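Listed after this line are the structures, all set down as structure tokens.
Each of the next two complexes has chain A plus one other chain: chain B in the first, chain C in the second.
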Partner chain A sequence: MTELQAGQGAQPLEVPRIDARPQRYRDLLVALAAFAVLALLPMVFGSKQLLDFVIRCAAYGLFATSLNLLVGYTGLISFGHGMFFGLGAYGFGLMMQKTGVPIPVAFVATLAMTCVVAVVIGAICVRLKEIYFAFVTLAFQMLIHSTILSWQSLTGGDQGLRGGIPRPPFLGIDLSNHLHLYITSCALLVVGLLLMRQIAQSPFGYTLRMIRDNATRASFIGIDVWRAKLVIFVLAALFAATGGIIMALFVSGAYPEFAYWTISGEGIFINMLGGVTTFLGPMVGTVLLLILNDTVTRITEYHGIVLGIVILFFAVGLRKGLMDFVVEWFAQRRGEGRG
Partner chain B sequence: MLEIRALSKSFGGVKATDNVSLDFADGSLTAVIGPNGAGKSTFFNLITGALRPDAGQVLLNGIDMAGKTPPEIVRHGIGRAFQVASIFPSLTVEETMLAAVCADQHRAGVMHRRFPLAETRDRAEHAMELLGLAGKRNRTAATLSHGDQKLLDIALALVLDPKVLLLDEPTAGMGTEERWRMIDKVRELWEKQKITVVFIEHDMDIVFKIAPEIVVLCYGRILATGTPDAIRRNEAVIEAYLGSDHHAGAVA
Partner chain C sequence: MTRTRKPGISRRSTLALIGVGAATFAAPWVARAQAKTIKIGMPTILSGRVAQLGTSSRNAVLLEVEKINAAGGLAGRQIEMVIRDSKGQPQEAARIARELVNTDGCEMLLDGEASSGSFAVHEVARDLGVLCIHTCSEASSLTADPKQHIPNAFRCVRQGIHDSIVGAGYAAGIAKAKGLKKWATCSPDYAYGRDTTGEFVLYLKKFAPDVEIISESWPKLFQPDYTEVVTKILQAKPQALYSCLWGGDLTSYIDQANIYAMFAQMEVFAVNMADYTALTVVKNLPKGIHSGDRYIKTFPPTPENAAWGDAYKAKYNEYPTNWSWQNATAVMFLSEAVKKANSTDGKKVAEVLTGLTIKCPFGADGTVTMRADDHTLVGYAIGWGTTIPQEPYVPDVKAGDWKAIFELEAEWKKSKGYT
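So, the complex of A and B:
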């Protein structure tokens, strides 16, 4: 279900809109508060498991939120967004293994490489409509996955990048130290979310919403629809790649599964779980999916069935993601309270 | 000045627009009428770039628009509203206006400020007030009445400060009373904004009452042009379209 349809379902309720002009620095304050909480977490709970969980949330959360920029805000249903997650992981891992440049340099270089690839793939894909866009993005995903598998001399084929990724300290940050890695991941997550929030709320974000709602009309008010779609496709790819880089740092390697289509599928799952009509929906979905994954795999080996049932519950039962549901519920209650 | 020169477009063997030449003077108000399938909407689609003409020119102040894309043509100053209100269902009236102005001012980049400048706000405000939508600014477009959605569609065209405004059946799907209110609005906009307005209309009473200039299309050709009086007396028009007793009311 697209956000448009989801929104239309809710429209008879006349969900009161949050004022379009919140205080200027609200998002920044929320981000700082969130970072402070995350940074203090290790002092309260020493559990390494919890910190690992947060690092994975950061990787998948950036990936899923960037996918929502395409799915929810622009109406571009990409089935191949995971390719950029994989590219980020492999690009970064290879750069660290082969060149030995400092981590920030490898980080920026990986994003630059992703940018170039995304421009090329995007230029081909965003011209296509709906289902064709979905399938061609999926095709590119498969292409990149196959390339990784078959280019054994560079990527290690189905074994992945083995032997660990060197993580030399820089600026006093030592990413082979678990706590440093945790804090860095949290910082990347918060900064990434803040930047994506800016994109979503900027005039450009509204251009995207217009394209999603009615691309024809958008072109008749002077918007270059193709260009706007390409820009968001590339930006979303950069954030997905950042997620991949966090993942590569976390597992100290990169594996073909990172670039497999199931990653894209999980991104779509997460968005369905959390909901695409709120900015933080995918973040909530990420936490949900990872918790589900971790608990269910501990109980049964048929975790796929359980996840499938949960997804069906959200898709068929609620017909929306958790955050959509919560926001509507609050809006309804506020409405009742008033009148 | 909007000049149409020998504009032609065929679909298969059907000539939807057949060698049409017309001049629309600056600040004129013109109604385009014609039976169903006369090529009225095709004519608009050719001018606005939705369709590419097979031949001919669309000159706005001497610059040829033929072959340009819709966004380019809009930026040259030809705005349009649609027969079926074409709006952004999930955006509020105010968001729609602000987003449109931002895009028009080239302020719709990723790093552009989230809180619109005063001049952006003023333009959006002005358009909302002109169309009487200021009181409904926080309503999402999907929840507006049919008539308000048509007004929003026109507001979207108008907020871009076009030189020429094309309205494809502004009164489509409206009841009699609502029609008159809409057409009064169109006339009011034309008088206030001093822009060139061309509109398609089926209701003859409306056309003869408010349009100083009328163009009659039939099978893609111009059957007649002139003032309401001239059109009323034009034999070809009477035969092809109006019928002998057009005063009976709406002819569609």
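So, the complex of A and C:
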């Protein structure tokens, strides 16, 4: 997608409100309500499968929403975003296995490491545009994947990090307990989404939309486009790494598949399903994809065909993601009501 | 007539949705209520490049389960297999394994995953404490590394280290007899390829100290074109070549190397050749390739093994694979252990499985054992022979000596810091 095309598909620019506080309070309230609902779920339903499902939604949801910060908000189609998902999983797993530091320390250290890697890779990639950006990010992803496969003494090669990830309790939270892991994943998801929402709604978020719609104009009014792109690239990497950490905790290990291009492909797929013009589109896409995946793989081993038909339906039939469609439909109805 | 239906979700749809939701969440209780049958879960790879192996695992399991059910089931309970596709992704394997136990009510797991997927399922077994038998992963560290050890997990699979010891002993004999000193290797560039080749070379040099490796090639896994690798080996002019390429990679390699008449210029030792999936797919199978046995119905040369291979072929219209006999053996172990424990309780079955020896068509002496100290399969038929282009493909297989395997394996474990 070129910047021009991205601009055509996007909503017209809204002028940011002068006083953003009420919006912020509303987001906070929604986040608190969402967390409360998620936290109450295990009390209402005893299904462990449901908790597993939400934990996976947290991992993939953070990953896909962070990808949307690049794709939908900045117009940077990254084909290599999965590398940060993998880095998060490996960084955290290795830290816990090798150093035995408390979980919050490993969490912060993993994000710091991801930040450094993302700055280096981002500094090279964000200079490029469109397909060149997409392919160089893909190349870096394959580089990281190959490194994981080859550096056997550290990463275990294609067999992944073996022996489980130790999860010593901290502050009364024991992540080897399924319920504690569930609540922690929900908390990370809600806080992550809230932070990303704040980034998207901030003046910086609007700068990104401007860069997406017309980078030349943005630079003419004094915006350092390269720096803004780099900042969002790094921030998105941090949220993707958080998703990777949740996944590493869920499977109690890290595997090269987490850093493979297929994970990035799934991220793009999720964004196409859910839609890129609304903030919650990727989250809806995540829930849709995981439900589809879990039900279809139960029924048939030809799930590739079913998922392919679904994506065709969205890409060719609807020509937009589900949330884009729903939002437009509501806007239309409201318009009719007024008319 | 005017339409009265209002836009939005109708009452019927709402009721249907509630019904579906209730059914989803009630599933575990329903599953428990039907506990007359015993459910055994199996995540395996049924799509993608190695789907053929996953399918052959499923076939073998179903073949054995049918026999057990016909004979009255496990401690009087009919077995119901719940087999799902993990697509070879470890996160999917972990999710499916958890779902099989937590939601579908499976009381045991057969883990039909390869490589990383098996380690992911192993962690699920550690977490949930469910009885789990790995049936496809050949990675030695899965059971050799004491960090991996859990009382409820077993591995019913051949191992890379066993193959390397037997293969190197066999190759050293031929190297001495024919004066093969210059060797080349060509194996896939990932942990299995590097480990297995490293171990083979280590033991080959131990048994035949004159041997020298003059060329190494590490093609990528699933590489389509081997021209570069073949010409590199031909230029180095080795007297012998070792390869642990497998499946489609091995058949593509042989087809491409045939164009250069490579097999007439050197002795080739391909550990994974003697598997029907490779033997029947290669266009012109060269005579005289040395290979380890994967699965062939003529080795071990017993009527039981031949009958099993024929029964499988009759039912599925194709020959079994290496994964097939391993999965079948796992079901045989379960059946025998449940009989001895007189219970389907996972803990009791695991206790009986530890150190259990059973009669088995794939045993070197008609029996196989689940070794007590590392919960891994030993005593299975293992040997090397040379190929011919038509059935029985590898007519004369020289059996490996398990006593020698045990001795060298113990040394290897020590060198790795496992004991």
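Everything below uses one rule, namely that the second predicted complex is superposed on the first by the 315 of 339 C-alpha atoms of A that agree within 3 Å, B and C clash if a C-alpha of one lies under 4 Å from a C-alpha of the other, contacts with A are read in each partner's own complex, and residues count from 1 in each chain.
Heads up, the rule we're going with is that a residue touches a chain if its C-beta (ideal position, glycine included) is under 8 Å from a C-beta of that chain, and two chains touch if they have at least 3 such contacts.
This is a predicted model, so every value here is computed, not measured.
In the superposition on chain A, A:I199 makes contact with chain B only, not with chain C. Of the two partner chains placed by the overlay, neither chain B nor chain C lies in contact with A:D174. Applying the stated contact rule after C-alpha superposition, one finds that A:V251 touches chain C and leaves chain B untouched.
Using the contact criterion defined above for the overlaid structures, shared-chain residue A:D224 touches chain B, although it does not reach chain C. In the superposition on chain A, A:G160 makes contact with chain C only, while chain B stays out of contact range. Of the two partner chains, chain B is the only one touched by A:R209; chain C is not. Applying the stated contact rule after C-alpha superposition, one finds that A:L235 touches chain B and leaves chain C untouched. Taken together, the two complexes place no residue of chain A in contact with both chain B and chain C.
Here chain C touches chain A in the complex through residues 7, 24-25, 27-28, 46-47, 51, 84-85, 87, 89-92, 94-96, 98-99, 102-103, 115-116, 119-120, 122-123, 126-127, 139, 141, 145, 147-148, 189-192, 194, going by the rule given at the top. By the touch criterion given at the top, residues 45-50, 52, 56, 149, 152, 156-160, 162-164, 176, 247, 250-253, 255-258, 294, 297-298, 301-304, 333 of chain A touch chain C in their complex. Touching chain B in their complex are the following residues of chain A: 3-4, 7-8, 11-12, 14, 17, 20-21, 24, 198-199, 201-204, 206-207, 209-210, 212-214, 216-225, 231, 235. Looking at the complex, you find that chain B touches chain A at residues 48, 50, 69-71, 74-75, 79-80, 82, 86-92, 94-96, 98-100, 102-104, 107-116, 138-140, 142-143, 156-157, 160.
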